[in-house]
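In the two assemblies presented below, chain A is common to both, partnered first by chain B and then by chain C.
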Partner chain A sequence: MAPDYDVEFIDRGDRDREARFLVRDVSPAFANGIRRAMIADVPTLSIDEVRVIENSSVMFDEQIALRLGLVPLTTPDDYEIGETVTLALDVEGPGTAYSGDLVSTDDRVEPADKNVPIIDLKDPEGSETPQRLEVEADAVYDVGREHAKHQGGVAVGYRHLQTVEIVGDADEYGDDDPHILRGVIEEDGELIPTEEFDHDLTQRYPGKEVEVHDVPNAFVFHVETDGSMSVDELVTQAVDTIHGRASELKDAVQL
Partner chain B sequence: MELRVIEKTDTELSIEIAGEDHTFMNVLKGALLESEGVEAATYDVNPEQSGGQTEPILTVKTQEDVDALDALEAGADRVMEKADDFRSAYEAA
Partner chain C sequence: MSYKCSRCKRDVELDEYGGVRCPYCGHRVLLKERSRDVKEVDVN
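Now for the complex of A and B:
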């Protein structure tokens, strides 16, 4: 009774950040384990400690630090939990400090998005110097369970794959209300995302009365990452965390 | 991962698995229920609202000819097998 999974991609979004794929013959427990692992157990780098050298902006140091923490950083996979990398930011007004202004000591670690505004720095009238933000920050490699800023997966979920059964003709003089369904349906072995018929079953099966059924043990995962890593890395690392814990349990039981 | 056996007979095992949450426990429970020789498997993360007990407690009941601890080990193996299979299926896609 060895598991025999089958993975099929439905769409791969742009920039490696988003993908939708179908997994067959997976138990709900395992599907949910993978989903949870993607959210909470795959570590990413995120700024955790900020040393403020100068902050003459209108916001408190703590607020700036929170914003810096929320900037997704690209994360190589050879870091250990708790390992840090130092970044620096030095921007003088007038102008906006962006995440792209962060300079890292490890050139594999950089902001995943360059255009996240940190703060707008002004050059106030009557002031001798413009506002300035200069900080040094340590990014820590940790898991989403510790803090949401370490979550690599930002929108991770699944739905059942569904089939549509035609059970008869629609009432001829009935209301022509739309029958909305979101997800992916399977029709004669073909996978059809509901976007193709505007999520409305009455457009695909006009004049028919239909019933929607879940396909057992077939789940359509939708995975979107914050840019710290690709979807492929997120999924494989999530599976690896589950594998790692099972082998840890096995070792502990054997002792 | 720290294990603490709470109750153990040949066919029954209650064990605390410290540091784990639903992510792993539910997968493990699911794998145990699929295994042969396992009659019942469940886990509880806050047993009877007991003061301070927050670590999950796994309970396994097996058929007479199967040792519960062996079943747990087999369950862990099964989870690893599932993980490997999922990974290779994903990479093949």
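Now for the complex of A and C:
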């Protein structure tokens, strides 16, 4: 039986895309499992096939297709792996084609950021018609393990929660070098992000000699998504995939 | 094969006897037009 774990938020970024939270009483292996699941096992929608109807821009169809593939799309959670949504883009120069110009057949699926430039279209002098890009694209629901464009978590990592122990007074004639520490420290049960003292322990504990220790089985996760889903959804779906595979293994072993 | 003359911008059909030359203005630089087919591209 797994021991009771505990989750506590430290800060949440804007637009539900970024968060930092503390998880206690999980093993390092499990913490890393969650991290890996967030990167590779949570499916998102991403453009996978492009039908180019017209492309008189200066770039090859394949280059434009690659750019379209990397546009993060908001992803509802009721899709199945391999399911597709069709999107269309039709822009004529002069001007820039942006991700926001993509039109989707499913209202819930749209570019997470509207201002990703796809290509600059010109109206060249001496040309009869301005440059034009008209494409139809199929976005497919798949996992980050298959292709990096399907990664929902883009900056996912964790550090140990740490404590600072005062072991004595600092050497009076020693160099006053900064003692840099990045992350979150715990002091008398209170969580203090190191940004509060400019990541410098000599600012928080002036004139003291300190030792930094890891708190066992306590991890501070920093999670940032590409906008295809909120941090909450990403983390819960990542844990669900681990749970799914664990029960699959359990059933398989019992046979 | 459909081409476009780079000088007079007119559409040119080439056959095997005429050689590479615009029948309207005699210019020898012809540009190949993009096919009107829809091209399928796999993103990877």
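Basically, the second predicted complex is superposed on the first by the 253 of 255 C-alpha atoms of A that agree within 3 Å, B and C clash if a C-alpha of one lies under 4 Å from a C-alpha of the other, contacts with A are read in each partner's own complex, and residues count from 1 in each chain.
Keep this in mind: a contact is a pair of C-beta atoms (placed from the backbone, for glycine too) under 8 Å apart; a residue touches a chain by one contact, two chains touch by 3 or more.
Just so you know, these numbers come straight off a predicted model, no measurement behind them.
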Practice task
For A:Ile53, decide between first (touching chain B), second (touching chain C), both and neither.
Solution key: second
Exercise for the section: Figure out whether A:Gly69 sits in contact with chain B (first) or chain C (second), or with both, or with neither. Expected result: second
Exercise for the section: Pick one for A:Tyr205: touches chain B only (first), chain C only (second), both, or neither. Expected result: neither
Problem - Larger contact residue set on chain A - chain B or chain C - result: B
Practice task
Using the superposition on chain A described above, determine whether A:Phe197 touches chain B (first), chain C (second), both, or neither.
Solution key: neither
Practice task
Using the superposition on chain A described above, determine whether A:Ala29 touches chain B (first), chain C (second), both, or neither.
Solution key: first
Exercise for the section: Return first, second, both or neither, reflecting whether A:Asp61 touches chain B, chain C, both chains, or no partner chain. Expected result: second
Fill in the blank from the handout: Listed in rising order, the residues of chain C that touch chain A in the complex are 9, 34, 38-44
Exercise for the section: Can you check the complex and tell me which residues of chain A touch chain B? Expected result: 1-9, 21, 23, 26-30, 32-34, 36-37, 40-41, 145, 232, 235-236, 239-240, 242-243, 245-250, 252-254
Completion exercise
Contacts from chain A onto chain C in the complex sit at residues 46-53, 55-56, 61-62, 65-66, 68-69, 128, 147, 149
Problem - Contacting residues of chain B [partner chain A, same complex] - result: 1-3, 17, 20-24, 26-31, 34, 36, 69, 72-73, 76-77, 79-87, 89-93
